[in-house]
Amino acid sequence: MLAQDVPLAWYLLLSAALFSLGIVGFLIKRNLITVFMSIELMLNAVNLSFVTFAHQWHMVKGQIFVFFVMMVAAAEAAVGLAIIIAVFRARSTLAVDRIDLMKL
Amino acid sequence: MHLILFLIFAGLCLAGAINLLVQTHPINSALSLIVVMISLAVLYLMLGAEFLAAAQIIVYSGAVMVLFVFVVMLLNAGREERTLGSKAARRVGFPAVVAVMAVLATLILHIQGLGMTTLDPELIPTAELSRVLFHELLLPFEVTSVLLLIAILGAVALARVEGSTVDDAERTAK
Amino acid sequence: MSFIPDIFRILPEVILSVTGVVIMLIDASLPVRTTRRYLGFVAAIGTLFAIYASVWQLSLPEGTGFFGNVETTAFTVFFHVLICGIVLVALLLTLDTLPARTHHQGEFYALVVFGAVGMCLLTSAVELLVVFIALEISSISTYILAGYRKNTGRGPEAAIKYFLLGSFATAFLLYGIALIFGATGTTQIYEIAHLAPLAQSPVLVYAALAMMLVGILFKVSAAPFHIWTPDVYEGSSSPVVALLSTGPKVAAFAVLLRLVYEAFPGLHAFWSPLLWVVAVLSMTVGNLAALRQQNVKRMLAYSSIAHAGYLLAALAGPANVGIAAASFYAAAYAAMNIGIFAVITLVSGYDDRYALIDDFRGLIYRAPLLGSLLIFFLISLIGIPFTGGFFGKFYSFTSAVSGGAIALAIIGLLNSGVAAAYYLHLAVVAAQRPAAGESAAPRPQIGIAVGAALGLCFAATLVLGIVPNTTLHAAQSGAHTLQAPPVGNGSPAIVPTVEVEPQSNQ
Amino acid sequence: MNDVLLLPLIPLLPFIGFLLNGLLGRRLPKLLVSLIALAAPLASFVLVARAALLAWNGSTPLPVTESVAYGHHALDWISVGTLHVDFSLVLDQLSLVMLLVVTGVGFLIHLYSVGYMHDDPGYARYFSYLNLFLFFMTTLVLAGNVLLMFVGWEGVGLASYLLIGFWYQKTSAADAGKKAFIVNRVGDFGFLIGIFLLLGNFGTLNFRDIAQRFSPPTIHLFSPGAVITLSPVNSVPSAGILTVICLCLLVGATGKSAQLPLYVWLPDAMEGPTPVSALIHAATMVTAGVYMIARTHVLFDHAPIALTVVAIVGAATAFFAATMGLAQNDIKRVLAYSTISQLGYMFLACGVAAYSAAIFHLMTHAFFKALLFLAAGSVIHAMGGEQDMRKMGGLRTKLPVTFWTMTAAVFAISGFFPFAGFFSKDAILYAAFLQGTNGKILWFVGLVTALLTAIYMFRLWYMTFFGETRSHDVHPHEPPATMLVPLVILGILSVCGGWIGIERISDYLAPATGARAAAVAPAHLELLLSIVAVAVALLGWFIAHTFYHRKPERPARLAAAIPRVYSLVANKYYIDEIYNAIFVKPLLALSKYVLGWIVDVGILGGAAWLLGGTAVFSGAVLQRWQSGNLRSYAAWLALGAAALLIFALLHPLSFDFAVAIHRARH
Amino acid sequence: MNQFDSIILTLILLVPLAGAVLVAIFPDRGKPPNWIALITSLVTFAFTLHLPTHFISGQPAFQFEVNRAWIANPAIFYHVGVDGLSMWLVVLTGLLAPVGVLASWNVIQTRRKLFYSLFLVQQTAIVGVFISLDLMLYYGFWELSLVPMAILIAMYGRKDGPKAALKFFLFTFIPSAPLLVAILWIYSRTGTFDFTTLEVLLTHGTLPAGTMFWCALAFLFAFAVKVPVFPLHGWLSDTYAEAPVAMSMVVAGKMGLYSMLRFHVGLFPAQSRDIAPLMIALAVIGVLYGACLALVQRNFFRLLAFGAVSHFSLITLAIYGLTLMGWTGAVYQILLLGIVEGAMFVLLGALDSRYGTAEITAYGGMAARLPRTATYFVIAALTMIGLPLLGGFIGEFIILSTTFTQVSRGWAIAAAVSVILSASYVLWLVQRLFYGPEGALAAKPAPDLRFGELVALTPLVLLMFVMGVAPMLWLNSIQSGVHPPAEQTAAVTLNGSRGTSRWAELEESFLFPINSKCSLTQILRPLSNAKASNTTQPTPREAQR
């Protein structure tokens, strides 16, 4: 009754939307951790398009790429959170807008 | 069927993402991010990447997000304070985002020869995946170990408490 | 052709990784209180071996390894040697300047070495996946190093800014890779080079390149993606800045060259005007913003932005000339920049107690040798003849002019005139007689290792300024190994520069 | 080949004297200094005399050209492209007469100076300067080309600068020296332009070659200097050009010979030692202008307009200077103005093409004016440096020798028969009279001037030597012999110096200055004119007698009667002030305020500052970019990315291509 | 050409460098640096004297030439050589070096080591500028010469030294950016930096005229700032006022003027012909402007600066008259000014170092206290105002007369006014310093010229005399040097003499008409035609006769 299949473009559009939302998150979130989360969101968006293209080309490489991105994301998460902790220790705040000791 | 699934989970993704933005408490944001990831996992499955779907659940939702939540708890980060702001972010950033989105959308709509997904996609067997991973892409795989090693090193070096913390008064004075 | 074990293709990286692991093991096995300073020597020795190995790689026939993931060519060797040299000098620099009480000294050296692995791999990777991972390695290690001064508020701030913005840019890079994968179905540079022109939807290719450029230009801190640079440089300790203002930058430039000249030569009409604008922006923004800086490190941060611009000017030229000029400039820039940061490290101390320009007043009276070196490196940064900086600029703008971008050359050189203002201001201040009542900063002590570092930088800058032949020749032979775009997009005036062998004139 | 006259030695000997005294003078004993100083001019005088004799007995026919030579070929001074100048020296009748005067009078004044400057600390310096002057003066006279003459020309200016400012601690003296040099420079500027014009039109600077241009080309022979004529004109340039050239030269002459309008430096020049005034500012240097005109008479002869101008300048100067001389009280200044006016006579003579008369007057004037200065010098010497005539008086008995010699000089300058001045002045007036109606006017002016001359000279005479002594604190006494001998000799010369007569002189000078226009006048006319002249002189004497001897109070009354006129005259018509207000002050103001402040600091400096300012300002603006806020940074990054993406999308190759394919598909 | 001839220039180039290194490695206490510097500079001077003694006069080609590959690519050669144009400038540089050392003998008390080593490096750079025949090599030395200068001004200058140093550096460094671009462009089109090759290529070459125009302009701009020509002189007075005298005597003038003659007029005959009217106008303006400002300066170094502007502008006028004689006079005048300015700076520096002020008003009546200083100064002053039999007259006369007879009477007359002005400011300076009643400073006891200063000054003063009496010693070889550019200028003129007509208008605009039956322009009309025909072909042949 209804078309069974979905154009891949929709997936891509979805990933683009998620990516943009990630950027927006970076722009509007006031907490270091949430800002970092929005970066993760962007990475996920990219992953989605990878998978989509992998499906499009019937190529494993795309999926493996996603796999690597996940690993990198994990590593980044570890380091990033460590840095955030260090910042919190030094400045005892997580507010992005307060992290502006250095300017001009 | 497929279409419905897609719509549901795409909607979940977007909803989660938007929720991530509007929530002021980090915990809520984190949870909504988890929602996004899980629904992404479903979408992966629909695109015939079952291994990735699993990995997504395990690595992301399982490990990374837990880490996030853990840190949030550790630093018991409260609600965001909306006092200070950045004009540039609003005046420059949002137009930029809109532009990026618009450009991406247009070019996606102009991609030639994008196929369709069918409900019964020929799944790429994980064996095949692992063959490529450990044969052609062996080097990246090995190199990743260095990456993880660095991550560990850095995490240790940065997160561990150090001795005296000099107050920034006279630093900032300079 | 005889079979070559793939391991040889990544020998320097292997050596460096092993060194890093060894350092970690020793570090772990050493008792808590003992100094970790000697690990630095271990690291330095490892780097030396890496340099040797990469030079040795010249004896290998050029080609790829690991199923077309990495390659060894004159190009990669050039950058390997350059990066390892940078790391070596940076290590020597840290050996004396890193305070003994620094925690995690062992990890520090390990991180530097692992970072070196990333950078080296970055230059030799011909598979975007490897590029991505290598980029992450070098970035993450530098993120951490930037935040290493945890006790000050600025270290972590620099780290977090660098980290978040860096990941942000990386996301763009990644998206770009995704798009190119979508356009061509591959992420291997050579395949991209072949398939990109045949892509069904070229718009995808263009967008992909644009996205990737965002990531790369961020790493080379070119305007308008430079904005993180001053804060990070100010926040991190000077020896680290010496490293991260040169190492990752150079590696990123190598990637940039690879991308534009090897992967997307067909898009010359797209990226060359793009990079033209970026170059002009970087020079102008960097130099003008540096004019009013009081903090020396911030000033040099801006100046490094400007130098990125000078380097990008080289890409306005035809392929061979451009690549050679860019490579040479990278070398010259690295030499003088590390040198000057070494001086600054000694003068302003690990924790930047004396980082303001006024703190340099009368330096040449306080420490004649150091002062003279400072002035020398500044002169080289200005681009006065018979220093590396001059020939760097000279080749870069020669390439631009022979590419027909005369306006770019003029803008660039006028910029170097503006730059002269602040460089010279610092030099003049250093040459001034210190005011009577003023309590000048303490007299800096030059240790052996730092002395060696300074000596190396000085020698390198001078040699590049007086007998640039060998380096230039290396850069040119490297340039040949990158696939050049079909002739005709440059101006017909490529006549003189490249094809001449150094012996041809004697 | 006739025997060598050793012309180069004539200048060189004084130069050697200059070097010796200048370098070693401070260490040498005074006697030796005097010997060197005297030997130099004496030796060159002897050489000149010898040359004169050789020329007289015809063993060496004039003109003789000798050049500073190395081996056998003359040394070039400058030889660039088309410009060739050598050191050739020419001795002809004109230069011979001039040399006799210069070296002769020069020697006497040296002699006089030995006594006059005896106690001065700068004794050696003084004599070295004096010798230097002689060197340049003789060079000027002997020069065979214009440029070499210019050398002497500037050189004597230098010497006079040094000697006027000899007592440099006196600000007035230093100022006077500077003024003299700069005013002369104004003249030299004209001279220089004249030289350029000569070079451009004749292609050579040799007097002889220039002269040959005007003579028929049959006897046309090239001198080494003139092989190449750069300018295409091989004929005589047009009268217009000649006029311009002559006017330029005239500017130079007025500067050096203190004629209107450039005479202002000469009165101030009296700040120098009196013998200097006598030698440089009366006898020799100031006559250089006359000499130059006579030397280049060929040009003037072909430029009647210029000649007229010369005559007018001369007459005007003579008259004005004389009037100014009337009201001066400084004895030397009176003499200075009389010098100017006498020089005016000479110019007048040149202006009526009576060059020989001019030279004749030059000679006699050299005698009596030098004498007047020296006598005045001995008076001043006697009065202990007092120069104001109102404080003198009754010196007749105390300084007999001075008095009598002075008397001779006064009579000579006033033109009494048979004193020297009579003949020369008479010749000039006569020559002027013959020049048609204009000439009559000139003659009348000259006559009036003669009257005035007589008046102020006798005024000086009376005020100085007659009446009762007005200052009793000083005890005047005759100067030493070294000063008296020159007085006497010059006295004799100024009595009988004129007896040679104009005819002989002009006949002798004819080859050098051109034959004088034969006087087509009845014989009695000349006699008549001379009687008139003498009568005028007598009238002048009478007036002076009545005013300054019989009724000394009358001048004051007269002055009170016509205060305006008197103050005008007494203040020299305010010429100095006017020049100051017209030239000096505006120039300085312009330089300081307009050029210095507005242009240099304001506009140019401002422009540079503006450039730098904009750079720094834009730098400040760009710094604001670094707000330090992470989110703003991200925003900028996003913007950059958006820009790149848009560029990628809008790039013609990408989008249109895509569209094209799209169409192809459907 | 024997062996020594082939290395002599290299020696002249390297000996000071070696001396610099030697100074640098010696300890910095006592006088050793002074002595090493003095000996080095004297040795160098001795070497430079080898040039004129072995110079083959009347031969237009370059001599003592060395041409070795230096950098493979771009093909930069170590190509050095001198002709009559540059030889004497090299000798002059050699002569001024010991003078500079002696002048700063007692003035520089601290950090002698750095001072003298930089001083010697500076000398190398200047010599390099004069002898380089490879554009890049030349540019290298040109830039290099800025640095020691700037540092020395900053470190050893008077109180505002740093500011002046910055100003000097920026003023002279920024214009060299277009210069480099122009050089690069030429290289990208011709593939060579070699002067002798480019001379031919650019003169008869087929490069696009438009770009050539811009290149020529870039060259000219850089040189004009360095001279400095009228509107660009902003840096000079500050530099003179602040710099140590040893630097001031070499900073301005000769490098820029030489470069103009060799690299602007020499490489771009057509373009320089086109721009000549403008340059002539600027030069004359500069002559008068500088003289006027010199009149009203209070600081004698600044006075000297504006005087220098005036004199250098006169030389510029001669250069852009584009006549052989003018160039000869120009080079001669460059030499002489080098000597005179040197002497002036030594003397004024001596005053400044003794009494600690450069304010003219503070002085007065010094002649009694310092007779030697006064004597030397007066001689130098008289040379400066161009008194005959002193060197200054020759150059001035040649320049002015050539300009008058062959280029433009109007501008020549205007320029000749400087004869009056220069006399005014120089003599006024002399008077205010040395004559009149003793000023406040005269009371302060100070020694007259020391032995070293006398040793430095006497040769200069003697040279002033010799150059005034026997100029042919120099002029012959100089004339043989100015030929090459002349030939090309002539060649270009034959193609189409653009310049002359402009000159005609120019002087029409300048010559003042006299309201009488004979207006001056009418009078001089025949002359102007004659002049036109002269300017168009100053061929070497005609000049050699």
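Think of it as A, B, C, D and E in the order they're written, each chain with its own count starting at 1.
Throughout what follows, a residue touches a chain if its C-beta (ideal position, glycine included) is under 8 Å from a C-beta of that chain, and two chains touch if they have at least 3 such contacts.
What you see is a predicted model; the values in this text were computed from it and never measured.
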item: Those chains which touch chain E and also touch chain B; value: C, D
item: Required steps from chain A to chain E (each step between touching chains, minimum); value: 2
item: Higher-contact pair (C-beta pairs counted), B-C versus B-D; value: B-C
item: Label of the chain whose CA centroid is most distant from the centroid of chain D; value: B
item: Core chain by centroid distance, with centroids computed from Cα atoms only; value: E
item: Chain C and chain E: spacing of chain centres that average the CA atoms, whole Å; value: 43
item: Separation of chain A from chain D, taking each centre as the mean of its C-alpha atoms, in whole Å; value: 96
item: Chain D-chain E separation of Cα centroids, rounded to whole Å; value: 34
item: Rounded Å distance, chain A centre to chain B centre (Cα mean); value: 3
item: Of all residues in chain B, the ones touching two or more other chains; value: 86, 89, 93, 96-97, 100, 103-104, 107, 110-112, 137, 140, 144, 147, 150-151, 154, 156, 158, 165, 168, 172
item: Set of chain C residues in contact with two or more other chains; value: 129, 133, 136, 140, 143-144, 147, 150-154, 156, 159-161, 164, 168, 182, 200-201, 203, 207, 230-231, 418, 421
item: Residue list for chain D, restricted to those that touch at least two other chains; value: 612, 623, 626-631, 634-636, 638-639, 641, 645, 648-649, 655, 658, 661
item: Pairwise chain contacts under the document criterion; value: A-B, A-C, A-D, B-C, B-D, C-D, C-E, D-E
item: Touch list for chain D against partner chain C, complex; value: 612, 615-616, 618-620, 622-623, 625-626, 628, 630, 633-634, 636-637, 639-641, 643-645, 647-649, 651, 653-655, 657-658, 661
item: For the chain C and chain B complex, residues of the former touching the latter; value: 6, 10, 17, 20, 24, 66-67, 69-70, 101, 103-104, 107-108, 110-111, 114-115, 117-118, 121, 127, 129-130, 133-134, 136-137, 140-141, 143-144, 147-148, 150-154, 156, 159, 182, 200-201, 203-204, 207, 295, 352-353, 355-356
item: Chain A residues touching chain B - in the complex, by the definition given at the top; value: 2-14, 16-25, 27-31, 33-34, 36-38, 40-41, 44, 47-48, 51-52, 54-56, 58, 60-61, 63-64, 66-68, 70-79, 81-86, 88-90, 94-95, 97-98, 101
item: Contact footprint of chain C on chain A as seen in their complex; value: 12, 19, 22, 26, 32, 35-36, 39, 42-43, 45-46, 49-50, 52-54, 56-57, 59, 61-62, 64-65, 68-69, 72, 75-76, 79-80, 83-84, 86-87, 89-91, 99, 101-103
item: Residues of chain A that touch chain D when the two form their complex; value: 23, 26-28, 35, 96-97, 99-104
